[in-house]
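Next come two complexes, and both contain chain A; in the first it sits with chain B, in the second with chain C.
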Partner chain A sequence: MSMEIILVQTIVNGLMVGMIYVLMAIGFTMVFGIMRIVNFAHGEFYMAGAFLFAILYGSNNLPFFISVLLAVGATALLGLLMERIVFRKFRGNELNGMIASVGVALILQNSALLLWGSSARTVPPVISGVLSVGGIVFPWSRLVVIIGAIVAVVSLNLLIGHTRIGRAMRAVAQDAEIAQVQGIRVDVIFPVAFVLGVSLAAFAGVLMAPVLSVSPFIGLAPTLKAFVIVVIGGLGSVPGAVAGGLLIGLIESFAGTFVSASLSEILQFLVVIAVVLLRPQGLLGRKEREA
Partner chain B sequence: MLDVRGINVAYGPLTAVRNLSLSVADGAIVSLIGSNGAGKTTTMKAIIGLKPVSGGEIYFDGERIDGRSAPQRVGRGIALSPEGRRVFPEMSVLDNLLVGGYSQRDKAHQKKTLDQIYGYFPRLVERRSQMAGSLSGGEQQMVAIGRALMARPRLLLLDEPSLGLAPIIVDEIARIIVEINRDIGMSIILVEQNAKLALNLCNEAIVLETGAVALSGKGKDLLASDYVRRAYLGI
Partner chain C sequence: MISVATKPMPYVGIAAAVGVAALLPWFAPNQFYVHLATIGCINLMLVLGLAIIARAGQLSMGHGGFALVGGYVSALLSMKGWPPLLTLFIAGLVAAVIAAGLGWIILRLRGVYFVLVAFAFSQIAVLLALDMSSVTGGANGLVGVPPISIFGYVLRAKPQFYPFALVCALTTLLLTWLLYRSPLGTMMAATAENQRLTESSGIDTHRVQVIAFTIGSGIAGFAGALSTHYLRFISPDSYTFWESVSYLTMLVVGGRDGVLGPVVGVLVLTPLPELLRSTEGLQHIIYGAVLVLCLMFVPNGLASLVQTWRSRQRVARTSAALVAEEVP
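On to the complex of A and B.
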């Protein structure tokens, strides 16, 4: 294989993984920005989405779009339930909320283990074939992940930037008390933001299910990646999550292709330490307001 | 229209407001003056519903509202321009104003209100796509007042609108407060440390000291009172 082809494929892989991380990190950072909860159970919703999709699409051969809708919808309901039962009580209480989220992560992971067993499942590809541009081939299975993730990020951006509910979410993230005086019910905004974040994670799981294999344990890695990315990009910053996610995805892909996967982990955490030391608010984050 | 009857408000064991009563007639401007910590902002928060009362009652248009949430009170026609302005710093001026109109579902109505606000504060038109956090203090105050007006309130609570502003901007804001009151007949409660300004603008004034009403009367009369002149006007 020529260098050019390897390079392009490395970039495509990096973008694919990076966009998945972006989806994970945006949900993670949104839940933090609005509810002030560091949700270590975030990746378990990715796992749930992937599993449901594997069962619906892979095992029961339901049509693709229906499988996506059902998998994301059911995970969103699970998120709503968790918000009601657990997270609602901890909003604004960063330490206890984080501890509770670890508990939720373990409960969800072990429930999946009980329900579906520990063996990994594979999901048939949603699309096969390649796109060939100027002699360089791009497998459609990976492009679909990138395109799907971009569509989700752009839609979310439109929702947050240009709708009534989006403005309300931003207002609550920036000053919850004053948001109430604008007539915004924060008790409505919190579950909306949580379910939206969880749905993005579920959608990421759905996209990745055909590329990787699915098991109850696949949630942990994306949670940690989301955490790392959000530290790099700035907690609460959506543009930071996009930049950080793509950066980590590309580092992983390039280090993995040209050197070794373990170097990629080392590099990522060196970036994190450097950011924490030199720019604690993250690359695109804002400084914590002094109360 | 607003009737506050003997409210108490406490922060933990500390009582911030004791047995405070006040009423605001339709179309009136009532000023609340007093030094730092006298309970002015706490009273405003109690009226809008950000701070629960531990005793007493609040009526708005004859309906008891002290058990209602802040968003419910906004829906009934009360709005607050808070102390320290508290604009949403990372939202554009226009988005800040639109958030203020959150409870107004009617788009055409909202557009009309927006134009009205741009009429009062023409400077906000030029600034509309700028982040509110990047504006000067005076402009942020305009955003805060405009945001409150977007809810089309019948009672507007203005908490320290002159705080930290240059005298020329204070005059401009004062002129607009009077205009809003005159044009729309909106009732206003004005909290101010700048007692001279507050007493000049209002029909009635209340002097708060350590969480209780020390003195009340017509603005003009209080301006002439020896006690007020010595304690608050430094004359």
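On to the complex of A and C.
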């Protein structure tokens, strides 16, 4: 293989992983920006989405789009339930909310273990074949992940930027009290934002299920990545999450191809420390006013 | 006669508790209880370390990472022939130095960022342990870590190790109590209460938090090393994210204020996984549920219930005394 081909494939891999991280990080950062909760259980919704998709599409052979809709929808319902029972009580209480989310992560992960067992499952590829452009081949299975993630990010951006509920969400993120004074029903916005974030995580899980294998333990790694990304990009910043996610994805892919996977983890940690030292508000974050 | 005479009650209670703990090996039905008590002592030290960090208003999700570092440092040095009694302290020192460096950088940030970076640190520690297999033995870990020996007396079996672990835990408890009563302890509590106000009264809150993080993580390093010499084994799986979570759970369930909280948390939660062992698989779910329910209904921890009850009694007694005075 020539250097060029390796380079291009490394970039494609990096973009694929990066877009998954972007989906994870956007949901995570939205929940933080609006509810002020650091959600350690975020990755468990990714796991739930991937598992449900594996069961619906892989084991029961349902059509692809119906499987995606059902998997994301069911995970969204689970998210709504968790918001109702647990997260609602800890809104704005950063420390206790974070600890409670760890408890939720424990419950969700081990429920999956109890229900579906610990062995990893593989999901048949959604699409096979390759796209070849000028002698360089791109496997469709990876391009589908990238395209799916881009569609999700763009539609979320339209939702946040150009609809009534999106404007309300931005207002609540800036100042929940003032938003309420302006007649925004904050109690509706919180669950909407949480469910949206959870759905993005579930969708990321669905996209990754055919590429990686699925087990109850896959949630923690993307959660960690989401943390790293939002610290780099700025907590609460959606463009920051996109930039940070792609950056981390590319670092991982390049370091993994040319050096070693664990070096890439250490490199990411150093990037975090550097960002914290030089630009504490994150690459694209705004300085927070302290209350 | 409003003043309530200082009761000897707490001291009697403390002495009784220490006595029971010290005599445990003699009346425990079997060795397993001694083992559980030893693990409890180690947990108590870890939770106290976490409590000191929390006292200054921060939460460390990477506590296990420092225990892991301590465990490996002590195991490697003692396997090279250094006396374990010395390497325990070196382990604590190394963990403290790392915490000081890391804390100096990341404690300038708001709480949430600190938590995220400390969490990332513990993951890096696990990865390094896995990756540097020529030194750390990789995923297999280090087997045959030498036991601790004090003046030639080797602490190999459980009943011999337990008194040493108890002394370590009680010393940590005493030192933590003294720290809370010292001016530094007051500064820590003030920083947690209102960082800006504390800063404006001339206290360098960044320094206070770095010191608290350094002390707390140093204790974690020591405790990690202690556990390594007890189990004679360490691997990257010894202190994962879920261990960090379980210490945090003990702290939250017990209570974050004072030294009683960690004691209660450890006493309640160390035996819990054993009691739940028969439920197979459900145990982690119950653990998670206990954590969430405690945060919802007893946000200040079980120890706060004791305090509420005590102050209520005091009020009752004082008003009774007042009534008695008014009646001629």
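Rule of thumb we're sticking to: the second predicted complex is superposed on the first by the 291 of 291 C-alpha atoms of A that agree within 3 Å, B and C clash if a C-alpha of one lies under 4 Å from a C-alpha of the other, contacts with A are read in each partner's own complex, and residues count from 1 in each chain.
Going forward, a residue touches a chain if its C-beta (ideal position, glycine included) is under 8 Å from a C-beta of that chain, and two chains touch if they have at least 3 such contacts.
These figures come from a predicted structure and were not determined experimentally.
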item: Touched partner set for A:L235, first chain B, second chain C, both or neither; value: second
item: Which superposed partner A:A100 touches (first chain B, second chain C, both, neither); value: second
item: Partner chain(s) touched by A:K89 [first = chain B, second = chain C, both, neither]; value: second
item: Partner chain in contact with A:A179 - chain B first, chain C second, else both or neither; value: first
item: More chain A residues in contact - chain B or chain C; value: C
item: Touching partner for A:V275 - first (chain B), second (chain C), both, neither; value: neither
item: Interfacial residue positions of chain A with respect to chain C in the complex; value: 32, 38, 86, 89-90, 94-96, 98-100, 102-107, 109-111, 113-114, 220, 224, 227-228, 230-231, 235, 260, 262, 265-266, 269, 272-273, 276-277, 280, 288, 290
item: Interfacial residue positions of chain C with respect to chain A in the complex; value: 59, 105-106, 108-113, 115-117, 119-121, 123-124, 127-128, 130-131, 196, 241-242, 245, 248-249, 252, 281-282, 284-285, 287-292, 295-296, 299
item: Partner chain A, residues of chain B touching it in the complex; value: 48-50, 69-71, 74-75, 79-80, 82, 86, 88-91, 95, 98-100, 102-103, 147, 151
item: In the complex with chain B, residue positions of chain A that touch it; value: 164, 167-168, 170-171, 174-175, 177-185, 286
